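Look for subunit A in each of the two complexes below; its partner is subunit B in the first and subunit C in the second.
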Partner chain A sequence: MQPSGGSLVNVRIDAEPLFSLGPLTVENSMVGAVLASLVLLAAAWWFVRRASLVPTRLQSLIEFPVEWLSGIVRTSGGHRWRGFVTFVMALFLLILVANWLSILPGVGTIGLVHHASDGSTELIPFVRPASADLNFTLGLAIVSFVTFVSWALRIHGIGGYLKELRGEPAYMAPLMMPIHVISELSRLISLSMRLFGNVFAGEVLLATMLALVPLVVPAVFMGLELIFGFVQALVFALLSMTYIILAVGTHETEEGLPEPARERAAAGAGH
Partner chain B sequence: MESNLAAGLAIGLGAIGPGIGLGIAVSKAMEALGRNPEASGAIFVPYVLGIALAEAVAIYALVTALLLIFIK
Partner chain C sequence: MTPEEGGRGADETARDRRAETTPPVAPERGNDSERSPANWGIALDLGMRLGISVILGLGAGLLVDGWLRTSPVFTLLGVVLGVAAAMYTIWDVAREAMRR
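Right, the complex of A and B next:
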């Protein structure tokens, strides 16, 4: 699992184990995930206790992303947007905080030095940003997958969902059904791989730049990481929202307005 | 050695298509914004989603390259 040859940087694609609690091995990406959740919980706790009608500066800092994202969900989510706005928001905030943890000093650089049996040494950091571990992103993608499939089942029933998987002319089912099933499952892969690939590549990029030019230059890439972390969190949340809308929407458009007119009406109502 | 070469080729060739696609998407979005600045809210979500889907292909190439380098 080590990079081959005389490598400049030491990056592992899997999370490093820190210690074990009985059968559970605690890895450093778990610490990152718990840390991100704690940050969100602390913000929520502070907000519930201290929120006032006239927002202070810190309060509007917390309110801003919530209002902004719920505005997006409201304008493009159809009339059931209240059902999944909290889910989309939770995904966005958790991934955003988990991504931005990687820029904090000490994350990925403070840790235990592990001496391998062949004499080489390796740094095992205490905290690894959670999204740089495929287990975290795949877990989130599974949650998103279960959510949009259960929305489809709730709205259309099992028969309706199977009919959608089967495709329109029934005699084409042997051809279309595998394609539809694979395209549903590929969402799982693409959601998790996109987030993991971006954040892990960012980590490798930062480590390489720190090894090449230790001064000034890494700061530029940290700024880039801020943007990428935000965009990837937004993309994960918005794609989950789109999958839910697709799962919910198909039948309702038949009775109501055709799709483009509905979208125009929704966009017009937002302004 | 061969796998390092393969990893470089994978991400290098795999980034061509998404690069072209992203360029087209961004240029069209900017054009739309220039023509109709009030539509920025309506353009934003489809724009981000389209960019994410185009970028996914590059991410697949990146994951392939990472697997070639790190998993022996």
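Right, the complex of A and C next:
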């Protein structure tokens, strides 16, 4: 439903509340996140029930991104890649589906009309793409941050991780510790802001184009949004993987070196 | 020297000659790890992390100054630490890239 005399351009940076369930206020970006999860669950349910050794076209369509991304993780992730390949895959698929939801008709354009006290009307969409809400992207970035820190703790122990944060030599700790902490936190903020910024900017661009030229032109930008959505999901997942690899591999022994480095070390030993 | 040994010797000589004439970095450029899209991600991430490091340092400095009423001591200190963290980030990424 579009407000009479109102604008289709909905550029609110925060997600709009729809209704309350006790103390929980349900916002339209939460609906987007739940929808994305449901799509993934349905795909997984279908895949588990119908998977065959000779894949059908639909099965190939689902298998393709999974095999492709696991190939990347396998070649880049060193010998511990099996430990985090599912995490990277889950991040990629969730963000991809959440981003691509914005292309569906009705997402961001069908909603409730809200009449403000100053007489203006505002459209509150029922569904907003989850990645266009900083809470969602920050949440994912925190999950990613906790994962790579926990990998570092698991491999090096608390002492090793603190030693890494403190830096060498020990007397430089008052200088190096804040630098390391800022550097670590910059990963968290960079991950969340990049995804949010790109998806939100895409939403604003699409809404503006729809309002300016309702025919043909928005289709071009929707095509671009498909590409950007894919690239941003890939960048987020691969950066999370890279951070885990860095956390794991900083002080690996020779047996624990990532595979390419081990091959190089073996080649070096042969000369 | 048997023909097999002669052949192996020739192979080794040819390999040594190749190793001498080829720059040390060249063979590593083609491996899967370095062609990986993960490296593109690191490059895309680096620029953003530089800016964020400085903003984080500045923000922390402003907060502490507002709290202790010592402006602009901690703001300046925060900016210096933020810039240092940005430079450290570049060094860290370059070091890891060379290690891999």
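The rule is simple: the second predicted complex is superposed on the first by the 243 of 271 C-alpha atoms of A that agree within 3 Å, B and C clash if a C-alpha of one lies under 4 Å from a C-alpha of the other, contacts with A are read in each partner's own complex, and residues count from 1 in each chain.
FYI, a contact is a pair of C-beta atoms (placed from the backbone, for glycine too) under 8 Å apart; a residue touches a chain by one contact, two chains touch by 3 or more.
For clarity, every value in this text was computed on a predicted model and none was experimentally measured.
Once chain A of one complex is fitted onto chain A of the other, the partner contacts of A:I13 are limited to subunit B, with no touch recorded for subunit C.
When the two structures are aligned on the shared chain, A:P55 is found in touch with neither subunit B nor subunit C. In the superposition on chain A, contact of A:G223 is made with neither subunit B nor subunit C. When the shared chain is aligned, subunit B and subunit C each come close enough to touch A:V235. By the touch criterion defined above, A:P178 lies against subunit C but remains apart from subunit B after alignment on the C-alpha atoms of chain A. In the superposition on chain A, A:F200 makes contact with subunit B only, while subunit C stays out of contact range. By the touch criterion defined above, A:S76 lies against subunit B and subunit C together after alignment on the C-alpha atoms of chain A. Once the two complexes are overlaid on chain A, the subunit A residues touched by subunit B in the first and by subunit C in the second are 72, 75-76, 190, 193-194, 234-235, 238-239, 242, 271.
Considering their complex, residues 3-4, 38, 41-42, 44-45, 48-49, 51-52, 55-56, 59-60, 62-63, 66-67, 69-72 of subunit B touch subunit A. Those residues of subunit A that touch subunit C in the shared complex are 72, 75-76, 175, 178-180, 182-183, 185-187, 189-190, 193-194, 234-235, 238-239, 241-242, 245-246, 249, 258-261, 264, 271. Interface of subunit C with subunit A (complex): residues 19, 28, 31-34, 36-38, 40-42, 44-45, 48-49, 52-53, 56-57, 60, 81-82, 84-85, 88-89, 92, 96, 99-100. Those residues of subunit A that touch subunit B in the complex are listed here as 1, 3-5, 12-13, 72, 75-76, 190, 193-194, 196-198, 200-201, 231, 234-235, 238-239, 242, 267, 270-271.
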